[in-house]
Every structure is written in structure tokens, then in C-alpha cells.
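Residue numbering begins at 1 within each chain, and the chains themselves are lettered A, B, C and D in the order written.
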Amino acid sequence: MTTAKKRLKSGMGSSTAGRITVRGHDLVEDLIGKVSLGDMAFLELKGRLPSREESTVFNALAVTLVEHGMTPSAIATRLTYFGAPESMQGAVAAGLLGIGDRFGGSVEEAARTLQEALEGEDSSPNVAALARQVVAAHKEKKRPIAGLGHPIHRPIDPRTPKLFAIAAANGFSGRFVELMEAISAEAGRSYGRDLPVNATGAIGAIASELEIPWRVTRGLAVMARAIGLVAHVQEELQEPLAAEIWSRIDEESSSQ
Amino acid sequence: MTTAKKRLKSGMGSSTAGRITVRGHDLVEDLIGKVSLGDMAFLELKGRLPSREESTVFNALAVTLVEHGMTPSAIATRLTYFGAPESMQGAVAAGLLGIGDRFGGSVEEAARTLQEALEGEDSSPNVAALARQVVAAHKEKKRPIAGLGHPIHRPIDPRTPKLFAIAAANGFSGRFVELMEAISAEAGRSYGRDLPVNATGAIGAIASELEIPWRVTRGLAVMARAIGLVAHVQEELQEPLAAEIWSRIDEESSSQ
Amino acid sequence: MTTAKKRLKSGMGSSTAGRITVRGHDLVEDLIGKVSLGDMAFLELKGRLPSREESTVFNALAVTLVEHGMTPSAIATRLTYFGAPESMQGAVAAGLLGIGDRFGGSVEEAARTLQEALEGEDSSPNVAALARQVVAAHKEKKRPIAGLGHPIHRPIDPRTPKLFAIAAANGFSGRFVELMEAISAEAGRSYGRDLPVNATGAIGAIASELEIPWRVTRGLAVMARAIGLVAHVQEELQEPLAAEIWSRIDEESSSQ
Amino acid sequence: MTTAKKRLKSGMGSSTAGRITVRGHDLVEDLIGKVSLGDMAFLELKGRLPSREESTVFNALAVTLVEHGMTPSAIATRLTYFGAPESMQGAVAAGLLGIGDRFGGSVEEAARTLQEALEGEDSSPNVAALARQVVAAHKEKKRPIAGLGHPIHRPIDPRTPKLFAIAAANGFSGRFVELMEAISAEAGRSYGRDLPVNATGAIGAIASELEIPWRVTRGLAVMARAIGLVAHVQEELQEPLAAEIWSRIDEESSSQ
């Protein structure tokens, strides 16, 4: 059987003997030594380098996501490195696998809520009405609204006002941020308790201002956390905790 | 049985209701909006923020490692995303798992060779003599020397002079870079063919100048490539290639 | 802050100096040399050893899922092993990461459809009515029904009659199998084309007869495929294909 | 550039509309319902179905490796599932990533030691002399000998005599088992303390009797443990421990 084949075509990067191209830029001439890692990440995702304002905002989002202390991901990375010290990449991968619906997924879910609500709206949407629709729809399905509230950071998540201030100062506080804040206010009224925007809500809103598709926003957490997990491997190398963690859990869980 | 327990103590990060600390810095006051993602990575690994010169050099290394086109890692990420579109983190993790001895490992191996050769040496080592020892030791064991030569980038890897120039301009061209270049020269004489320093050799040498332990250098590739793999997932979302890749390989490999 | 701690309690396994217990059985006295790997898997999942009939049916399901040739998972495993030959576990893990919604997920989705439809029904449910409801609900949401049809195996998937025959011969062809077949018939009428039960539909139905919760059924594919992926690593060790796969895809995808 | 392409050829499996072939066997006619999961694994690795004796021995090895209670791998799987409940395959993959040099690697290392020592030997090797060489070589490099001793199972690992008895009763107690026992005796003399063969030593020796290449033996642990990790996910689904594990570790590690 002969089938017409689809072309395999990628615009990510290519190489010849003397030249390496990444997203249309000459890696050696235009990127190495000229752009920072965060701006390179922006280029990878958007296909162009950021403006100064975009760079400030994008780097702020990414920096927020790098390190959260001894999370389930960090513990999984350390336990994996203990068992497989030959494979740092495996330890980091194990930690990244936990950046799913519960963690990275909340950024994605917040961005999705905002992007779907504003899809097809013109430039001056009725944000209050959209917020009421979002809250009502979640209430009806008894689903929590992503991006609101926090178990530890009370009364407010200190990252949120900072991120929103940076977005505003750089021209990225538009209708997505406005809708996120309106949803928070409406949810507070509807549920009768404070539900301030948390860091993942702020990141989901600001990533939407940067026109990052919601399906890709989880990737912001994945790329940033990869940095943090490499650093956890380094600390584990220098001051190992995995054996003690294992010992405590095994001892108690297997006692009769 | 009561055993004295080791303390579980990490210096990576911690949180209270109003404050998040990362590596001793207040995340909200000192980092978000003030440092770039690359400088945050430096902080994570070194425990302090970089000088301007360190920042330039460190970001140059990381930027070099982000994107290499349609590598085995990128293909694995795309095929995994095809099978498990619910889990972007799984697709990125699958790609990172290939950053092992053959790829990320070459940076590590180059850094190891340099750091072990210079361990215990004083500030003015006999670099030529050390290079001869390194080449002789590899020749005796019939092992290739990491960081030399390249199958595609000939006669030289264009990233190498760029990276060495940036290192020199910022005060990070010391004895590790000198030794790497001496090993290249000595290997060329010994094997009778040009064996110029490639990008992984340059990165291994410059990471050593930044005092990053060789066991951690593979992590530079892992963290940088995580960014690239997220971007490959995004391209796969927009223009899927995985089904076509699968179809071609399956069709041929299973034909009798 | 002192918080009442939840007990960490697991019934999977425990060890003392002279005795290893797995799911309440003495590993050395009762399991090694006495039970097969498939029966051990049944014990792990069900907490008891299978009857002869359960063993036949459970092993048939698992055997069906082990090997599917050069799938996206197998290709990802081989490419990962190429990059990281130090870590066979990483190569197998990379392949398993693709057993998601598209592949393993179809067994899970079929089992979920059946288990949710029959939840709360008495021992003689109106299967035809339930089938109509299932088909109508999927049609309304424009969602495909898991477990029906196959792109290659036409007119029927040869595994299905075999699996259903084994289930029937061993007393495991009950209301879940009946409903799966009724859904196939109803879907055929409703969509006006043959939609026979495929292997994942048969496995989802029979796993439900074995009272395996639908959330766990994806695990049948994961555990079985792990075996297959180890074998692909072995073939890759002996006759490497990864470099050629990479070369072809890279060459074409990066050409202008 | 036109390059002669290598053929992509795999003998693992293939499909046509009406027939699925695995390792040369018709899946539906010859395997489903006729062979157990363990025998299917043997077929995958060896290319042929096992004899009754091979089946007994191979299944005994695999059964031994399925479940070890609350290991670092099992904890990593549970923590990952907590963060990413949408991806059971990711949770199992995270656990498998810890089956590296420290755990699965010990089976591999034991098998390697035996297979390399006996390579090129005729059918009646001088086992005592080989054991002395092995012990002396490890002592000189100050490397521990894989497969000897155990931190918990003292004075002996109860799995070892069981596995060796099964191997002997089925005709698989040959020169590899003999050499493993001789190494244990010689190491005991040389180090002046009991160093009995542990389970990984026994498995490495018996896998060598089954002519499984040492590079593949780690895969026995990987495939068996995949089963155990699926069962840990199921227990975690029913009685979650991950949040409590996280809470305890985070609380202590981040306290000042």
C-alpha cells in the first residue's frame, strides 16, 4: 500500500556544519551571550524575542514557579535519586511527573477558565457578567474555581499583588486580569467568604495576557520546576535526606 | 525499636502565611520582577545571586542548551504526548529521560575530566603536562575524550569560540578553559587529526570556572532542555507530527 | 503547632529479619515457586490469590496487552535508551508515559462506561435500555464510545471473540460483557455502520467482571506493557534502530 | 545528500487485519488463554516459550521482585499520583525511575560479575580460583561485591535458599550458581564476616543460568515492580497516604 505521506516539518531548530538556527534566529550570532534564559524560553514559546516589558512580565511568572521547598515533587526527586544515582535526569523527570492536575494543572485550569470565557468577546466585554457566569457554572457542577484561595497564604497570597503590579506596570493588566479579579469578588459574594486570587490564578491570568494558550500554561510550571528539581538533586548530593525519609515512612507503615 | 533520627533539614525554600523564602531570599520582595529566570537558576544552584559577569556567562551556557531541533528527546516527547495528551508533564519527562550518558553526559564527563585533573593543583598548574596525562589515560583505556570533535559541526563547532569569548570577556577564562584547550591540542597531536573543543567541552570547562560540581553539570542540560521540550509539545499541539512518525516506522519495521 | 497525625498504614508488604510478607502471604513459603507472575499480579490487586478460573481469565487479559509491535511507546523507549544507555528503567518509564488517554485510557474508559452504567442496578438490569442510554449520551456529547471499532482489525478484532470465549468458559461472562455487546449493537444501529467490540472494550468488560475498579484498569495495560518495553530495550541492545529513526526524522524535519 | 539507509526491522510483533503476531506466535491462536503472563514475559525476552522447568524458575524470579512494601519507589509513586491523579502511568513511571544502580542495579551487577568471570571458560571451570579473582579484584578497588549480605535479613536472606532450591529442582543450578556461592564463601573468609548470598545475588545467578544477558537482568526488576507499583496506586486511591507523608516532611524540613 502506498500512502501519500504527510511532510514532517518543524520550525524549532536546525543545523548545518557552520550554523545553528533556533526559531529562525542564528543561535551563535543572535542568542548566546545576548539573551537571557528566560527570554530564550519566550522565544521558544512565542517564536520571537520579547519586548523589554514582555521580558519583565514573563520572567516574573517563571521565577515565581521555580522553587516551593519540600513539595511532593521534590521528595519524589530525592527518593528517585537515592535509588538511581546514575541518572540525574530520571530524578528530575520523576519530580516533574507530579506537576499534574493538582499543581501545574491549577495554572492551566485558571487560564482555561479565563480564555474560554473571553473567547469571541470583543475588546470591551462585560466582565462582571462573565464572572457571574463562571461562578454560577462552577457552583452548579460543584467544582472549585481554579486560582482562588490558599491553604497557607492568608489572608492573601503575597505573590498575587506583586505579580499584578508588575503586569500593570508593563502594560499587561488587561481583560484577563480584570476577569480573574472579578471572579474572585463574585466568588467571595457567592460563597460568603474571602476567596482572593492566589499565585496560580495570577499566573494563569497574566500568561493569558501574554497570549499563551491555556494548554501550554502548565508548561510554564514544568520548565520552571525543572530548575528547582535540579537544585534539589544538588542539595541531596551534598546533604542526603532520602534514606532518612524512607526509613521513617517504612518503619511506621509496615508496623503491625 | 527507638532510633536516633537524623534531622530533615533543607535550605531550598520555606513558607509562612505572609512570606515565601527561597534560598534565603524573600521571593516576593527580592526576586519576582527583579531577577531573570537564568539568574534564579544561578541562585538555586549556588545559593547566591550572580554578579553581572556571572549572569552573562551562566545564561550563555544555559541558552546554548535549550534547543537542538528534532532530537531523540524531542521525538520521544512528541510520541508520548500523542499517547497521553492529558499529561504534558509526562511528555516532557519522557524527553528528559534521554538526556543521559550520550547527550547531557558529555557535558558532565568533560567537566569531570577537568575538575579531577585540576583537583589539588595550585593556582599555576602545569597545564600541558596535565593535558598529556589526560590524553594518555584515555588512549590507554581506549575511551573517547569528552568534549572534543563533532559529527556535523566541522571544521569547528561555532558555539565554542563564542562561548570562550564570552567567558574571557567576563573573567571566566581560567585554568579549566586553558586545560580544555590544551587537551584538544594534545589529542590532535596524539591522534593525528583535528579534535577541536565542541560545545559540550566548552560548557563543561566554563561551568567548572563557575565552580559548578561536575555531578551537577548534567543538570544544566536537563533544566535548559525542559524549556525546549515544552516548546516542542506546543508545536505538536499546533501541527502534530507524531502519528506520521509512528506510521512510517511501524509500517516499515513490521513488514516482512 | 501540634497536629494530630494520620497513621501511615499500608497492607502491601512488610519484612522482618526472617520473614517477608506480601498482601498477607509469606513470600518465601507461599508464593515463590508456587504462584505464577500473573497470579502474583492478581494477588497484588485483589488481596487474595485467584481461583483457577480467575487465573485463566486474568492472565488472558494481561497477555493480550504485553506486546503491540513498534508503537509510539516502543519507539520512545528505544530513542530514550539511545540517549541514556545507563538507565534501562528510564527507557521503560519513557515508554510507559505514553500509555495514557489514547491507549491505556481506552480500557479505562470502556470499564468506566460499563461500571457507571451498572452502578446501583440489581442483578437483572435492563441491558438494552442501558445500552441505549449510553449511546445516546455519547452521541449528544459527540464523544466516541470507548471499546468499539478498530482502524486495522476489520471486520472484527480477532482478540475479542477469543477473550469473550475464555471469559464465558470460566464463568466471567456476566452483565458487563452483556452490556458491552449491547452497546456495540446499539451503536451500530445508531451510527449506521458496524462498530464491533475491540480488544480494549473486551478487556474493559472482562476486567469489570473481575471487579477491578475502572480507575485501576489502565494499570493492567501499564504493567503488561512494562514487560514488552523491557523486551524492546533488549532488541535495541542487540540490533539498534534508534540512530536510524532519529536520522530519518531529523533529516526531513529540519530541511527547508 | 542521499545516504544508504539501514533497514528498520523488528521481530517483536506485527499486525494485519485478521492476525496479530508476537515473537513469531499467533497471539490469538497460540498465546491468549494458553500461556500465563510470566511465560509471555519469557517469550518476549527469549523469543520462545519456556519449558515447564524454565517456567517454574523464571516465574519464581519474577514473583520475588514484585513487592517490597513501602520502598522509595512506592513512596515516589504515591507522591506523584497525589500531584497528577490524571496520569496513573506517570505515577508508575516515577516509581520505576528509582529502580536504578542501588536497587535493580544490584541484580545486574551480580549477573555481570558472574557472566564476565565465566566468559570463555569451558564447561568445567575452576570455580574456586574464579571466586578468589573476583573477591581480590573488588577488594583492590574497594568496591562492594553485588549480591552479598543484607541489612535486615540476617543471618540469611530467606529468599536465597528457596530460589536456589527451585533452581536445583528444575535443572538450573549450574556453574553460575556455583560461582555465586563460591564468591560468598571466599568473601566471608577474606573479610572475616558472614556474607551470605542475598536475593539479588540469587536472582542474578539464576537469571544467568537462564542465559539472560546481564544488561537485561535489571529489566526483570523493572517489569516485576511495575506490577507492584500499580497495586500501590490502587491502595493510594483507596486509602491515601501521600498528603500525610508530604505534610510531615515539609513541616520538619522547612522549620528553622
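Keep in mind that, in the parts below, a contact is a pair of C-beta atoms (placed from the backbone, for glycine too) under 8 Å apart; a residue touches a chain by one contact, two chains touch by 3 or more.
Computed from a prediction, not measured in an experiment: that's the story for all the values here.
Farthest chain from chain D, judged by C-alpha centroids: A. More contacting C-beta pairs link the chains of C-D than the other of the two pairs A-D and C-D.
Chain A and chain C have CA centres that are 31 Å apart. In terms of their C-alpha centroids, the spacing between chain A and chain D amounts to 37 Å. Chain C and chain D have centres, each the mean of its CA atoms, that are 23 Å apart. Residue positions 8-10, 13-15, 69-70, 84, 86-87, 89-90, 93-94, 97-100, 241, 245, 248-249, 253-254 of chain D are each in touch with at least two other chains.
Interface residues of chain B, counted against chain C in their complex, comprise 69-73, 75-76, 79-80, 82-87, 90-91, 93-94, 97-103, 105, 241-242, 245-246, 248-250, 253-254. By the touch criterion stated above, chain A contacts chain B in their complex at residues 3, 5-6, 8-20, 22-23, 27-28, 31-33, 35-41, 44-45, 55-56, 59-60, 62-64, 66-70, 74, 87-90, 92-94, 96-100, 104, 152-154, 158-159, 162-163, 165-166, 213, 215-216, 218-220, 222-224, 226-228, 230-235, 237, 239, 241, 244-245, 247-248.
Residues 7-10, 13-15, 84, 86-87, 89-90, 93, 97, 249, 252-256 of chain C are the ones that touch chain A when the two sit in their complex.
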